[in-house]
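Here the chain labels run A, B, C and D in written order, and each chain numbers its own residues starting at 1.
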Amino acid sequence: MSDLRELYQELIIDHGRHPRNFGKLNDATCHKEGYNPLCGDKVTLYLLEKNGVVEKIQFEGSGCAISMASASLLTECLKGKTKPEFEEIFNAFHQLVTIGNLSEDLTLKLGKLAALAGVFEYPARVKCATLAWHTMKEAL
Amino acid sequence: MSDLRELYQELIIDHGRHPRNFGKLNDATCHKEGYNPLCGDKVTLYLLEKNGVVEKIQFEGSGCAISMASASLLTECLKGKTKPEFEEIFNAFHQLVTIGNLSEDLTLKLGKLAALAGVFEYPARVKCATLAWHTMKEAL
Amino acid sequence: MLNIEKIRKDFPILQCTMHGKPLIYLDSSNTSQKPNGVIDAITHYYKNYNANIHRSIYELSAKATHLYEKTRTNIKEFINAKSTQEIIFTKGTTEAINLVASSLSFSEGDEIIVSTMEHHSNLVPWQKLGVKLRIIPISDKGELDLGAYQNLFNSHTKMVAITHASNVLGTINPIKEITKIAHQHQVAVLVDGAQAFPHLPVDVEDLDCDFYAFSSHKAYGPTGVGVLYGKKDLLEKMSPYQGGGNMIERVSLTDFTCNQLPYKFEAGTPNIADVIAFDAAINYIKSIGFENIMRHEQNLLHYATEKLNNIDGLRIIGNASKKLGVISFVMKEIHPHDIGTILDHEGIAVRAGHHCAMPLMERFKVPAMVRVSFGIYNTEKEIDHLSLALKTAERIFA
Amino acid sequence: MLNIEKIRKDFPILQCTMHGKPLIYLDSSNTSQKPNGVIDAITHYYKNYNANIHRSIYELSAKATHLYEKTRTNIKEFINAKSTQEIIFTKGTTEAINLVASSLSFSEGDEIIVSTMEHHSNLVPWQKLGVKLRIIPISDKGELDLGAYQNLFNSHTKMVAITHASNVLGTINPIKEITKIAHQHQVAVLVDGAQAFPHLPVDVEDLDCDFYAFSSHKAYGPTGVGVLYGKKDLLEKMSPYQGGGNMIERVSLTDFTCNQLPYKFEAGTPNIADVIAFDAAINYIKSIGFENIMRHEQNLLHYATEKLNNIDGLRIIGNASKKLGVISFVMKEIHPHDIGTILDHEGIAVRAGHHCAMPLMERFKVPAMVRVSFGIYNTEKEIDHLSLALKTAERIFA
């Protein structure tokens, strides 16, 4: 069970159960739906962009703890960021869950998102962890 | 080569090359076509039946030495025979080429047809040896 | 009685580990594991008599052809078909059903009766035709509503397509009754036997179904092989499926005529090695015997049902009175995928998801389920491990 | 240089005998033999990580899925496709061609250009559509008449379906020229690569064909696997092929939406083990290299052509300037089947018959032919045996 706790850290279970920034954003300038037909995870991202900056970001959806936590952490992290900043974080996050062993630098940059590092051991779950991220990429 | 000669006996090569009773029978009471789509062998049997007796029998067709010789030997053997007599010979012949080791009795009954015994060793050729026979069965 | 330890030795994969734990394979409804005899049959074929069949006359090819056809004969007897002409080899159940959908002629306005518990493979091929589907509803226990079924027939009904057993609920459907009613309306019945075939004796004459489809890979055989059984008179009337070598009698540049059954429906070089190895799988099932198989799997079903019912917040979906060794469930507060991963971590392989049965997920108002399913090699001890692991999941998500 | 003795050791079947004589396998165009690496890949799959793919999330399934997709990536690179979305797994070449025929939409009045040298698998799927076939004639040497080809186009032309190499004549067709001309008329080209794929490098970008179909079993891989390459924009436009699991995005009781490419065309549980093992076959070909393969097979072709031309009454059919290692012939006074059996008796496996190319038999006015065809494991010594055995046949029928 010890290393299960590495995958399902308190943070993930907490964000999975109580996702932050959850709900429709009425003044969104753009929204995008993501769907994983294999497991049925759904995510809809709502963005309010102004002058290239993500001023507000919320999401709706349903799915496993990992996909919900990942979406929740994404919204927390991206508020106030620009598209190039998102892309940098996207790349680091993608590397974290698909390739593993991230440099200390990058891990620091990811902050709380590093809690999802354990996904790397479960390749079939990478899609859950990255659903919101790919959706975001398409939205921007 | 020794046992190849058992399959390709002089008799078979002779009948294969110079089939007896070859050609259309104009006063046939019935004719039937046989075809093996796998190898393209074709046989058309022409029968003149009277009172349940095969009075005349001829064939046309093209194919390998075994199918032609078998058809030729069939026509020689069946002239003057009745349907029950044909069936008896059919069964013996079928046994000869599919199961092998025929009783001496049956072998005697087959006469020249016993020359086709070697086919038993080449299961893929059984269809060649029996094409005319199955066609005859359908014709009667 | 079954000697399970001996049986387990026949399946080499059961010696493997997953995430460092001994493998506990509880996903046989998805695909079964393969006994040595099946694996060896493939190897033996390729090492000793690999050759194309029905085409060449030399010894290797004659032997391969003979053994390929021997599987057909074995299956014919195993399911009690009338003739080997009624046994068509396909890629799997999915292809078998698609074959019928595309070779029988349907037209707009036709109706096909299916049920709420169908696998996508027994829905989409019919939806593609543009015909209207009429749906047999199911009860909360997961049983067909036969009364409603009878009322679905009308003059447009062309077919009933129904699963013999549900891959999610485990429910074994009363096929004999279903075909009897359909035949009273002169409607043909196709049975999706993917789940039932490996776990109970199938007698197509007794069931009196018109088509029966199943897959080798769920029945201890190799991947890439399935069977369509069809009544000869129906198959004769159907148009050919795929065009190509072997299915023809004569071909000119402008036209072709069809070979006789079953070859009419087997175009191209088939999956020779795996068809031949499927014979070994059938013989393996025969050697154990359905009586033993059913007793063992029913024991596991009852044992596991009790264990799982003891877990707080776990809800089993599918409580039909006649069930295969299949249990689907959901847990409060834990998504099926998270359960799947936690079990994976403990070496336990189960399926989590929509199980290719989205309409059924909707019927039970869940996005996904976890499913455990049993094969002849499973044990009560494995179920104990499952139960412990589910408690771990509960603790983590508490 | 190729070390043939070493290569032969990779193919366990070459140690076998036929009618008591060492096996001389000269029927690789029909199906190739399999190296140990391919056979072992199958065994290894079933013994270590057999699981259904794309459906389950546990480790075994993730591994099986990964390796299944790895084959796709390998093939994509091997034939230089732009994307793995353009690589669709089928049962074989025949199914690949049927997929295109049934998923592109044709209507009565459409015309499809094919050639006189097509295999039934590249004729019947089109004939089934009820469209009109326009035929590219061939010369007595067995080469396409490209002048005539250009004149076959008109406003009804919907497709050119042409073999890359003839399974009977050995002729390698100038596909680049053929696609160029077709594209000038805005017509798509499907290439039947069943024969060419195992014996020469295929670069779909360079050929610029719209579809390319081939079979694993002719390319040192297992039976039951084939590939359809298709340009993405065309595949996107095509309707789905078979309906079922994996090819869908969402399914309701009344309707469905399609999954993305390539899954849209892969319904049901695929032939997982054999797709994974096909990867080993591709790697085997890569490890030897086409330069070596072609040099060796061309040597055998020239050596055998000379030997056979020295036999009285033997006539080789197919004398194109560019040929694969394939020689078809007839002998005066001896039917091809009798030759086949005599060679069989000497341990030599060749194909005798119409080679699934009846229109070509008609073109050359013969009922059947004998064909010898080479793989990387054949030797000049084997050809010496062949030549001796043919002389025996002559003697017997003298």
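The rule is short, and it goes like this: a residue touches a chain if its C-beta (ideal position, glycine included) is under 8 Å from a C-beta of that chain, and two chains touch if they have at least 3 such contacts.
All values derive from a computational prediction rather than experimental measurement.
Asks: If you tally the C-beta contacts, which comes out ahead, B-C or A-C?
Replies: Most contacts of the two pairs: A-C.
Asks: Most remote chain relative to chain D, going by C-alpha centroids?
Replies: Taking each chain's C-alpha mean as its centre, the farthest from chain D is A.
Asks: State, to the nearest whole Å, the distance from the C-alpha centre of chain B to the C-alpha centre of chain C.
Replies: So the centroids are 46 Å from each other.
Asks: Centroid from C-alpha atoms only, then distance chain A to chain B, rounded to Å. What do you get?
Replies: 78
Asks: Just give me the whole-number Å value for how far the CA centre of chain A lies from that of chain C.
Replies: Their C-alpha centroids are separated by 38 Å.
Asks: Using mean CA coordinates as chain centres, what's the chain A-chain D distance in Å?
Replies: 46
Asks: Out of chain C, which residues touch more than one other chain, so two or more?
Replies: Expected reply: 19, 55-59, 61, 248, 250, 337, 341, 344, 352-353, 358.
Asks: Can you list the residues of chain A that touch 2 or more other chains?
Replies: Chain A, residues with two or more chain partners: 38-39, 122, 125.
Asks: Given the complex with chain D, which residues does chain A contribute to the contact?
Replies: So the residues of chain A touching chain D come out as 35, 37-39, 122-125.
Asks: Quick check: in the complex, which residue numbers of chain D touch chain A?
Replies: 54-58, 61-62, 65-66, 248-250, 259
Asks: If we count contacts the way the header does, which residues on chain D are in touch with chain B in the complex?
Replies: Where chain D meets chain B, its residues are 19, 333-338, 341-342, 344-345, 352-354, 358, 361, 367-368, 392, 396-397.
Asks: In the complex, go through chain C and note every residue touching chain D.
Replies: Within the complex, chain C touches chain D at residues 12-13, 16, 18-19, 23, 27, 30-31, 33-34, 38-39, 42-43, 46-52, 55-61, 91-95, 97-98, 101-102, 114, 116, 119-121, 123-128, 133, 135, 215, 217, 222-225, 240, 242-248, 250-256, 267-274, 337, 340-341, 343-344, 348-353, 356, 358-359, 362.
Asks: Would you pull the chain A residues touching chain C in the complex into a rising list?
Replies: 1, 3-5, 7-8, 13, 16-17, 38-41, 62-66, 121-122, 125, 128
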